[in-house]
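The two complexes that follow have chain A in common; it is paired with chain B in the first and with chain C in the second.
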Partner chain A sequence: MTARTDSGASTGTGSRELPRWLTRLPLHLTVLVLMAIWLIPTIGLFVNSFRDPNEVTVSGWWTAIFPPENFSLSNYEYVLGRNNIGEAFINSLFIAIPATVIPVFVAGFAGYAFAWMRFPGRNVIFLTVVGLLVVPLQTTFIPILRLYADLGWNGQFLAVWLAHTGYGLPFAIYLLRNFMSELPREVFESADIDGAGFATKFFRLAIPMTIPAIAALAIFQFLFTWNDLLVAFVYIGAVNPDNLPLTVVVANLVQSTGGGWQYLAAAAFLTMAVPLIVFLFLQRYFVRGLTGGAVKG
Partner chain B sequence: MDIDPRLFNAIVVVVGVPAALVGFILGVEFLLRLLPGPRQARLRPWLWLLPAFGFLVVFLIYPTIITIINSFQNDKGTEFVGLDNFAWFLGNEQQLSTLFNSLLWVILLPVLTVGIGLLIAVLVDRVRYESVAKSVIFLPLAISATAAGVIWFFMFLWQPASRPQVGTLNGILSVFGAGPAAFLQTDDFRFNTVMLIVVMAWMWTGFAMVIISAAYKGISRELLEAARVDGANEWQVFRGIIWPLLLPTIAVIATTMIITALKAFDLVYVMTGGKFDTSVIAFEMIQQFGFGNTGRSAAIAVILLLAIIPIMAVNIRRFQAQEAIQ
Partner chain C sequence: MTSAFAARKLMAASAVVVLLAAACGTSATESPATQPPPTASTGPTDTGMDHEDLTGQTVTVIGTWGGDEETAFLEMVAPWEDSTGATVKYTGTRDLNIILSNGIQSGVLPDLAGLPGPGQMAEYAAAGGLVDLGGVLDVATYKNETAPALVDLGTVDGKIVGVFIKSAVKGLMWYVPSVLGAGTAPATWDDLQTLLASNASKADAYWCVGLESAAASGWPGTDWVEDIILRQSGPDVYNSWWQGDTKWSDPAIKSAFETFGDVVANAFGGSIGVNATAFQTGGDALFDSPPGCLLHHQASFITGLGAFATHAAGTDYDFFPFPDINSQYAGAVEGAGDLFGMFHDTPAARSLMAYLVTAEAQDIWVKHGGALSANKNATSYPDDIAKRSADLIVNAQTFVFDASDLMPQEMNAAFWKGIVDYVSDPGSLDSILANLDAVQATAYGE
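Entry: the complex of A and B
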């Protein structure tokens, strides 16, 4: 790996005997090959999702491009028409949106308290919250399932909303506290002189200035909950299959090889559509949240 | 008119819960104003933290403690059985194989993601289509393990040699007259587990690349130029300057990847269902729970937690050091 870095890199200074494009060829080739490796799997899925299901099982997707086969949207129509997948798409939205909104608010209050209020044990408590970041969800399932069973909440959206909020909070608090603690002190001090209370300072000053971090957090939490398989699998699971999100329904489709894997490509693309749209339009916030969270912390 | 009850509930929650939370804070501030000044200041932080603490205690702290207790109990939670559940896990060939697979994940995933991520971060810095290249590598991070699993299902697809190969990789192999290879069914030398890790690396390399790239761009160009002018070759520049400066960032990514590897469940569930000796501890925990073996399941969860705690400790120490600098 490092040897290749070297050969690609040495072209940067350029030896004088060869033309520049030739010395840079290995660099471009390496980058383009890596890009191809990353793209080809998804392209294959994309092509298959438009092919006749009978063709998918007897010839590779690459044979469909030259000459082009009869591509159509019929797989998507079929998949969306099958009750459980269309419903599962709606379920995914119903799960992900509240599971994004609630933790953002809760973490906002906590992040502000950690950043701008003085109290004994502040740092130790904050470090404990950061430590909770790595608690594997697995260690929490059994007791919470029992709790939900007592309350009769298993299989309901509420169970997943609350669990996602709890699981997402350590990262959310960490991100917002770090961002808020770097807001300019003078702004809050001049608000103090004007006699503003903490609620005013929070809603009128801190929140508007924290919008970039809140945007990054909301995108993360939305993608996390939309893409989640495990939490929905455990808390909704077999109790109430009607409430299962797209990830679980499509995952079960892979396992049941008897039941039409030729439609899998279209189903999988449906699960990808929302994250891809979010990613393409909001990539800037997404990357900023990542680098802000990880490089700094 | 009928409204979908789910939609109704979702709207109530999306509007109602934030309204209730904002109402809570306004109420807290209103009540605090009735108290004398010093007591206000003493009480306020705890009240602002209350909703968060509520969630953290109910969903993370309390269940973790209960699970630790469960791991020493029988499946019904009626009797303490000492270390029996742990002894079962460590004395069982199938479970040890699971542990070995997890170890492979923990080693290979950080190596692949950091290695390839570093290579790409350094290379794309020198081409004009950098942002396009980065988006392409980064894209799989946005999608679910389910989607990634299906994407690679079509890559790995395998048919008996007599039939045309429709899976991409076997299609490539057949061009060279080789194969077909049963990528996910072959457990010799843990080949299929390595294939699963490759898929995971395909998803997570973009994460490593983006962060390494940000750190790489933070390295002063003058410093690198100065070293080159002084006659250092590119390898020496990399080894002597770039690598040491990137090391703290790489350490953070590596720990994140180790934790991700330990928690790996989704991909295994989607692609093999734990069959063909591909199970990992996070998967086994759910599996045992599904069998009703609560005690054993809790013991596996505790083992997972024990594996993660040292990594967490390192991270917290790093965080403290960083706070001290600021």
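Entry: the complex of A and C
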């Protein structure tokens, strides 16, 4: 897959070194095999989403491919035909986008402050924030519900945005602070000499250099909020079903006795479409960002 | 039979104070000083439909119904919406506990909600969260139209706080008429064994059993054991058993497990097949050619699931009631249902609650199939099978509620697991029962 150069032809004399593509072959084969194994369940799900439920229970999805079974779009038709599914899709976007943007913004400011600004108690505050990572979010439901009840926020998007912001911030701050503290000190020192203030250094230097980490964080946070069922359900479910996101509506395609499971595969692929697009657009940042906070702890 | 027991652990004992405070606060602030008169005056034959104008008001409802059930529920409330001008906002979830246990402590609750089970209903009622329906329903009509056992289950300290707006009969024996012959109905357990033996050559095995149900795996086996106890040892033992007074190691319970063990020993797919088969598709082998099994034991709602859903009721499949084992306890029936309660006493919520239990509303519900009504006067069943299932509840000499659903969550979960363990290793019955005894000793202590 890499450079298929003219190494074989140009040496002519029968090189002792194997051509590069040949030495890399085992690696590529391994990667391909791992990828295939990783993808198999998804492919199976995808195939089954076009099959009749009675067929699914008696034969494996692979038997449906050769010879091709009577695939149908009926599962997709049912899912798309549910009258609240379009609304739920919009709701999911309404929830996931602000719930991604807000914590990334706040974490950007906080990460910079923790990395480059000197103020009393900096380390204590940072450790406290990072320590919040271990608090299970389930324990916060009751106090926050009561708080929202006093404010009349239950059932509104705002409630979910703020909840996701709170739940996401410890990790977001941790990631961005660590990435920013790796930035070269000289850049900031020379900016100081040129008379730049904190705002200039933040917007003109820190942010542009932190883009890979911010992109990775945005992907993480978007995936988390898009796929979230519990948080949205708890803060919206009891009082305002009109604002429920796609995950809750999809989960409820299944009946109380477990009937209707065949629609889940189709619904899963519809739900997956948005994260997939986001990932494809930002994927080059993704791998870089994964190791972003890992160098210095 | 729904799972969802994890959230219940949140209800620590220390939270009771909070819970009381929250619940009292809610009902105190949300109850309007003047209530519209209850619908009792409309008379027993009237539908109970409130004709007051509730335009612009909304009622939030949470229930376990999803997919087509949700569609049926929304159709059921549509006439009420048209008549009153109010709107129903429905949320479906199979995990009611997460909303209700958080809600009862935070005060953020829907107006009407399905309740996970009688145990939780009693807790919510004790906490003051549930509205006494005595002044909401037409009580005389409700009692007249509903099986007394179901009325009792919704009553806490003499107050009706929960109603069954959907029910199911457990312990039906499903068969294919073209295999066993139409109208098959062995009266006793011995007759049933004779029937199976004489038809042994027609199928791979006698029984179809499917126990897999995610976190609740094993529950179809609990229905088996309950049905056997009820008919072997009678309702008194049955009741004292789920109440925690009869031990699991008691000969009556052990004998029921062993009878169930005989069934599993003659089940399609062997013990691995039994544990690995999803309950929704547990009876599908009935329809195979040649059949995998002769009989499948499952509740009335199986007609909407698996291969049953795509076969014709009455012609492709039929049922007979669980045969009597000990003639002394003939005519006993086990059932289950979805409890429904009211958390906020608003005019629209009262009106909707009163409407939901009426035969008029229930008729719309049962017409969709897969559901039975707890209301005797709801008769618009789509087929003879559903009608006969409903009649079983109405005509039962002894009606008991699903025992495992009545047990404390911890006991129920241990029961599920005990069934799965017993199926995979029948030899370890004594240690399984000893373990259930140990759970019983603590689970009822709260």
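In this text, the second predicted complex is superposed on the first by the 215 of 297 C-alpha atoms of A that agree within 3 Å, B and C clash if a C-alpha of one lies under 4 Å from a C-alpha of the other, contacts with A are read in each partner's own complex, and residues count from 1 in each chain.
In this text, a residue touches a chain if its C-beta (ideal position, glycine included) is under 8 Å from a C-beta of that chain, and two chains touch if they have at least 3 such contacts.
Here the structure is a predicted model, which means the values were calculated and not measured.
When the two structures are aligned on the shared chain, A:A163 is found in touch with chain B, with no touch to chain C. Within the superposed three-chain model, A:L223 lies in touch with chain B and out of touch with chain C [touch as defined at top].
For chain A, the partner touching the most residues, choosing from chain B and chain C, is B. Contacts of A:L132 after superposition: chain B is touched, whereas chain C is not reached.
By the touch criterion defined above, A:A149 lies against chain C but remains apart from chain B after alignment on the C-alpha atoms of chain A. Of the two partner chains placed by the overlay, only chain C lies in contact with A:V239; chain B stays clear of it. Counting contacts by the rule stated earlier, residues 57-58, 138, 141-143, 230, 233-234, 248, 251, 254-255, 261 of chain A appear in both its interface with chain B and its interface with chain C. Remark: chain A residues 1-2, 4-6, 8-10, 12-13, 27-28, 30-31, 34-35, 38-42, 44-45, 48, 56-62, 90-91, 94, 97-98, 101-103, 105-107, 109-110, 112-114, 117-119, 122-123, 125, 127, 129-144, 147, 157-158, 161-163, 165-167, 169-170, 173, 197-199, 202-203, 223, 226-230, 233-234, 246-248, 250-251, 254-255, 261, 264-265, 267-269, 271-272, 275-276, 278-279, 283, 286-287, 290-291, 294-297 touch chain B in the complex.
Across the complex, chain C meets chain A through its residues 2, 10, 22, 60, 62, 64-70, 89-94, 98-99, 102-103, 105-110, 213, 278-281, 284, 301, 304-307, 309-310, 338, 370. The residues of chain B lying in touch with chain A in their complex are 6-7, 9-10, 13-14, 17-18, 21-22, 25-26, 29, 33, 41-42, 44-46, 48-49, 51-53, 55-56, 58-64, 66-68, 70, 115-116, 118-120, 122-124, 126-127, 129, 133, 135-140, 142-147, 149-155, 163-168, 171, 202, 205, 207, 210-211, 214-215, 228, 233-235, 237-238, 249, 252-253, 256, 259, 262-263, 265-266, 269-271, 273, 282, 285-286, 289, 294, 297-298, 300-302, 304-305, 308, 311-312, 315-316, 319-320, 322-323.
Listing the residues of chain A that touch chain C in their complex gives 54, 57-58, 138, 141-143, 145-146, 148-149, 154, 230, 233-234, 237-242, 244, 248, 251-261, 263.
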